[in-house]
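Multiple structures are listed underneath, in structure tokens.
Each of the next two complexes has subunit A plus one more chain, namely subunit B in the first and subunit C in the second.
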Partner chain A sequence: MEIAKKIKENFKAVKISDGEIRIKKNALPDLCRFLHESGYTHLSLITGVDYTDERGEFEVVYHLYSYSKKDLITVKTAAKVKGAGSKTRGKKTEIPEEIKKKVKDCIGCKICTKKCPQEIDVKEVIFGLKEGKDVDPGVIENCSECGSCEEKCPKKIEILGVFEMLKLGSSGGDSGGSDDYEMPSIPSITHIYNSADWHEREVYDLMGIEFEGHPNLRRMFLSETFEGYPLRKSYPLTKKQEVNINAEFEEDEHLLDNRLNTLQKQSGTGLFHLNMGPQHPSTHGVLRLRLLVDGEIIREIYPVLGYLHRGIEKIAENLNYTQFIPYTDRLDYVASMINNAAYVYAVEDLMELEIPLRAEYLRVIVMELQRIASHLIWFASWPMDLGATTPYFYTLRDRERILWIFEDLCGARLTLNYFRVGGVTGDMNDAAEKKLKDFLGIMPEMIEEYEQLLTENEIIIGRSKGVGYLSKKDAINYGVTGPILRSAGVKYDIRKAHTYSVYDKFKFKIPVEKGCDVYARYKIRMEEMRQSLSIISQALDGIPEGEIKARVPRLITPLKGESYSRVESPKGELGVYMISDGSQRPYRLHIRSPCFCNLSSISRMCENSVVADLISATASIDIVLGEIDR
Partner chain B sequence: MEVQTIYDLIVYVLNLIGIHEVDFLLNLVIYGVMGLAVFGIVGAVLAVHSYAERKIMGDFQVRLGPMVAGPRGIFQPIADGIKLVTKEDIIPRGVDKWLFIAAPIVVMVSTLLILVPIPFGKINIDGNEIFLVFADLKIGILFILAVSAISPLGIIMAGWASNNKYALLSGLRAAAQMMSYEIPIVLAIIGVILVSGTMNLIEIVNAQQELIFGIIPKWNIFLMPIAFIVFFICAVAEIGRVPFDTIEAEGELVAGYNIEYSGMRFAFFFIAEYAHPFIIGALATLLFLGGWHGPTFGIAALGIVWFLIKTAVFVYIMIWFRGTLPRIRIDQMLTLGWKYMIPLALLNIAIVGALKFIAPGVF
Partner chain C sequence: MNKKLDDSIILTTIDKFLNWGRLSSLWPLTFSTACCAIEMMVAGSAHHDLSRFGMEVFRATPRQADLMIVAGTITYKMAPRVKRLYDQMAEPKYVIAMGACAISGGPFNMSYGVVEGVDKVIPVDVYVPGCPPKPEALLHGIMKLRKKIENERKLTEKIKEWK
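Showing the complex of A and B:
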């Protein structure tokens, strides 16, 4: 690696091992600037990992990408915390009353131990608890919650319930919360990468790492009045807290009023504050934009996120690898197949699995169908925001055909849960194949029809050409991916640049435009639908016979390590960064959401434009709040 | 000559049933009946238009439209009416109460007033020609222009009174829109007035009844196509129909000026909004398509059918716009008004003036 040499020459305290750079936190901005200058202009993601229990530090991970070299570099830095480390582990704890009550009937018959498919000595745990011994919760780590022990127990003891309580107890249920150590800090790199702004705020919000020098370090998803940082391992899983919405609003209002006054003094005209969303027909869900407007002209935009925040990353840390797949459906809910794929590829990468070819073909078919479905939804909603209602009905009619195919494949229509680690759940049957062929036959005509409605429409051109302008430089610096990046003239598609699945077997083009505006994004999406159709028909012709699922153990336990899988979702680069500690649950899972990064460029896109153009530009990003808020 | 109007028709009917003297009180009753008739026309237009619009839009958009209330959903307008009337009347906190109450009334009344000088056709009774018009005004078209300019005022009032920023933006847009589209409409109509030499709508229609070269009807649309195009585009813009619906742009301003209104007050705006396409269609028919003229086969009353058909064509075109076109941006809309429509209308006046001088026979 050429760049590795250069880094070694320039920086002293770095450790480099296959694409991964570890650096002291003080040298981080310099390293980032160096990498930025040597072509690593795309900051893909920033995330934090909590290693306080093991090493007494937080690790912050940066993924930097170079479009010219097609190379991804992982930079890691650590922030030590004081007062962390071995806290409550190993200390003899009192067995709670509830558990005692549940296990008091145990007679030590060992039936449960015999029945356990994971070969856990259940009797030892339950009987031990009854006797009042100190039981190590690590023993039941492998429990798959199959319930066979509970079924066969002659005394009908709720063994799973007891296990649940034990686990909660061990994951720090009442160990005092997260604030017994100081907030760790890392230098901010927002002055180098604009995209770092939101990423750093997210890490601050959920992991509680301070970024020195960040201009606007406030909570991203959670309320300002929320206490604690939920992605820390020490955050109690079952803790409930009330959030004071009014206090939050007042704080917001205060912040905005100050800004309003300074702007008014600068410009000499009266501005006012317009609140767009979370209940607004054109913010596509629960996006809230706070605008400072001068009549119709927008001076500043402050997006407020988090109205749909569900803490999916935290949920992942407490579920089996397989159990988490349905949750990925709920990320970008109009393209759930592709979310499935991103997650499943990350796990398969960790396990180094060989996937049957038929399964990969099926995956490509459904992913491309999903891409078309997602673009159709986009095509329905963008003209709708511009006031044209008819395209909506046309596209939903045709999307229905895709949903029929999905119904035949996996029984579901929207949240599909079709992918499994090692393959897919359902094989292509005759009915689905016929529907797919019908669809392939009819769709090109339909796309023509859509284009007839809009492409040469004078009003559409007037409303989209030059609107939402984001230059190539800005697009890269804001970490924008997908059709928006391609509309700025960057020919980057992960399907080609870093081929995953069997995409290398198909011929397809990457549409690129130079318009940098909403119209260019529209053209690109239309062309992408055509390309996807071509991929599907090639895949359907070449699909081999065979298994649809590799042989995978029922309970997936990948090796210790980390993986980052990227797929080209309809919105851009969807990445799943996964760290496994060798147990059945991911140690840390971070989802690099394309919508989140793309949306961060909205304030640049709509500088000094009118309210109507903001609508057009927001729609052109194709946001799905389920993915932004996670 | 005094033109016979609906008033005379009512007097004639009264004569038939034996009342010969029309005193002050009876006069009031007659005017009351005429007022109710205006409401009736608006009601009928509203019912037919809202049903037709939904069905036609449904046809454009591969769906059925209303199908539940009555056979093929024909009672849908009635169901809508009942819903709107029985809804709770909400006056939100923080609104300017009197303006808030007055705004829908202003919009509604100004809309109803437009209908007063519009002649719908003529019938022959005992050899007398009776025109179906509520009041035969010498300055009919001027009256219409004057009254229709009040309606945006009501929208501005609603926008201001609602104490809502979206409504306020909508009111501002309404002001800009009214200012810029009133002018080209007037200029386009000046062409018509130049040709027919009168502002009375009945006389304007009568001026169009002959044929040019024996085949083409002497309709103003054939004499002044530019004026017609300017008039129609500007009229659609003036009433805020798609693609010029920036006032209530659903995607941007949520619902614009009527965002805080509900129940009957909202229904007033709704009625005005649905009466407008009919009014614009009727005006375009009268000014440019020869009103009720058409082959009547000796039955003068058939003229009403011709009038309604021509009007319906315009209304259909407006629904068609709505099914096809996206919304234009407010600044583009103003550009269109000032930079294209006004010069075109002025050009039309110049051409008509010159032609009237050169070929007085045709014009």
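Showing the complex of A and C:
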């Protein structure tokens, strides 16, 4: 690699191994600046990983991408924490009475150990408990709860019940939270990449890593009154905290008042504070925007997120690989199939699986159908925000046809859970195929009809041309992807740039516009629907016979390692970064949400525009709060 | 004279009359947090057509609405806002908890950020299970609510109180 050589020349303390760069934290900003200057202008994601138990450090991972070289680089740095690593070790814990009662009959015959398909030393655990020894719950991590140990036990001990108690005891309760070490810190790179702003705040909020030099390091999703950092391994998943709304308001007011005063002094005019959301018809969910306005002109925007923060990344660490697929449906719920795909590709990448061709064709068909469905929802809601209700009825009528096809394929309409590691759940059947062909016949005409409604409509043009302007330079710097990036003239679509699945077998175009505004995004989405239709009909013609699922073990245990899979969702680059420690559950899972990154550009997009244009611009980003807040 | 009166006079109780008025034009609040909102949107669209029940006017402000369809997950950060919105609605008001999340926290109920059901925050009249429920299921829930309203005796109870 050319860039690797250059980095080695310029930086001393770096380790480079296949696309991954490890660097000391102090040299990180210099390295990032160097990479930025050598073309790696797109900061795809920043995320933190908690290794305090193993190595006594937090790792922060950066993915940088170069549009010109089509190359992705992973940069890793670590922040050591003082006093971690030894926190709960060596402390002898009392064995609860209930467990003692259950294991008191154990004679240590080892039958259970022999019967265990996962090769867990069950006898050691149960007999150990009887003897009063300290048992590490990590030993039973791989238990598949098959029950064969219980069946053969001569003393009829409820082994699974004991295991469950052990697991609960280790993950839940108050005993887990000992974060008595200092806050780890890492230099911020917000001065190089604008998109780092939100990413760093997210890491700070959930992982508790401080970024030195960040201009505005506050909580991103959780309330300011929240105690602790949920993605740390020491925070129990089930520990809930109520929110004091008044304390939150005070915090808010304080922050905004300060800013308001400084702005007022600068401009000399009377500014005021306008609150929009979280209950607002055109925020597409529960987004809250705090605006500082000068009459009708917006001076500054402070988005507040997290009203739908469900902690999906934490949940993932507590479920096995197959169990997590339904949760991906509920991220970007208007494009479930594509979320499924991003996740499943990440797991398959770790397992190095070969997927049957028929399954890949089916995947492409459903993903493209889902892209159309998602754009249709967008086409229903954007004009509605501007006051036109007709498109809503037109598009939802046609979207229903797609849902019927999904229903025939997998039985669900919205949260589909159609993908599996290794393939898909249902084969194409006659009913679905007929509906699909009907749909392909009707849809081109319908898209014409939609365009007749809006493309030359004077009101629509007035409210979208030149509105929400985001230049090419800004778009790249804010990490924006998808239709918004393409509306700024960057021809980047992951389906072409880094082909996944079987997209290389089909002919399709990537629509690009140069308008940089809402109207350009509208044009792009319309054209994308047409291209998707063409992909579907090509796939339907070329679909081969064969299996729809590779042979995969019931319990998926990928090798130790990490993967980053990216797919082109209707909103942009959807990435899943996954770290496996060789067990049945992911060690860490991070979702790079396109809406999250795209929304971060809203303050740039709507600077000095009128309030009414903010509505149009927010809608043009096509936000889905489920994915932003996760 | 009698013949004319036969055609134009209906005898009923005031309670029944008021109930009929209420149930025939329930105005829902545009309140949606997650996935169920999309199915709620679909319920309002051409195929399922909520206007059959006189409720196609989704109101953006709670002051004009008398039905809150809680469609989606409620987090601890959102819960005080839900309470506030509910308080702002004018009496008589009704709540439908749509989907597993609004009923019990659904698949997310173990998570640190999620309230285990909206009934921990506000009273709920009808629960519609599903993840998400189909639009037909939501319509069924609405019919159940209409049944409930039909049997209410709000005025009679008030009069009893006065006595």
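Here, the second predicted complex is superposed on the first by the 561 of 630 C-alpha atoms of A that agree within 3 Å, B and C clash if a C-alpha of one lies under 4 Å from a C-alpha of the other, contacts with A are read in each partner's own complex, and residues count from 1 in each chain.
Operating definition for what follows: contacts are C-beta pairs under 8 Å (C-beta built on N, C-alpha and C of every residue); 3 or more make two chains touch, one makes a residue touch a chain.
A quick note: this is a predicted structure, and the numbers were derived from the prediction, not measured.
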Quiz item: Is the number of subunit A residues in contact higher for subunit B or for subunit C?
Solution: C
Practice problem: Identify the partner contact of A:245: answer first if only subunit B is touched, second if only subunit C is, both if each is, neither if none is. | Solution: second
Exercise. Could you tell me if A:460 is touching subunit B, subunit C, both of them or neither one (first, second, both, neither)?
Key: first
Exercise. Scan A:307 for contacts with subunit B and subunit C and give back first, second, both or neither.
Key: second
Quiz item: Between subunit B (first) and subunit C (second), which does A:397 come into contact with in this model arrangement: first, second, both, or neither?
Solution: both
Quiz item: Which holds for A:280: it touches subunit B only (first), subunit C only (second), both, or neither?
Solution: both
Quiz item: Once the shared chain is lined up, is A:377 touching subunit B (first), subunit C (second), both, or neither of them?
Solution: second
Exercise. Scan A:579 for contacts with subunit B and subunit C and give back first, second, both or neither.
Key: neither
Quiz prompt | Which of subunit B and subunit C A:612 touches, first, second, both or neither | solution = first
Practice problem: Check the residue A:388 against both partner chains and state whether it touches subunit B (first), subunit C (second), both, or neither. | Solution: first
Exercise. Enumerate the residues of subunit A that count as touching subunit B in its complex and touching subunit C in the other.
Key: 280-281, 392-393, 397
Quiz item: Along subunit C, where are the residues that touch subunit A in the complex?
Solution: 30-35, 37-39, 41-42, 45-47, 60, 62, 72-73, 75-81, 84-85, 107-108, 110-114, 131-132, 134
Quiz prompt | Parts of subunit A lying in touch with subunit B, wherever the complex brings them together | solution = 272, 274-275, 280-282, 295-296, 383-390, 392-394, 397, 453-454, 457, 459-460, 462-463, 610-613, 615
Quiz prompt | Of subunit A, residues touching subunit C in the complex | solution = 221-223, 230, 235-243, 245, 278-281, 285-286, 306-312, 314-315, 318, 326-327, 329-330, 333-334, 377, 380, 392-393, 396-397, 399-400, 413-415, 625-626
Quiz item: If you look only at subunit B, which of its residues touch subunit A in the complex?
Solution: 57, 60-63, 165-166, 169, 172, 242-243, 245-246, 249-254, 322-332
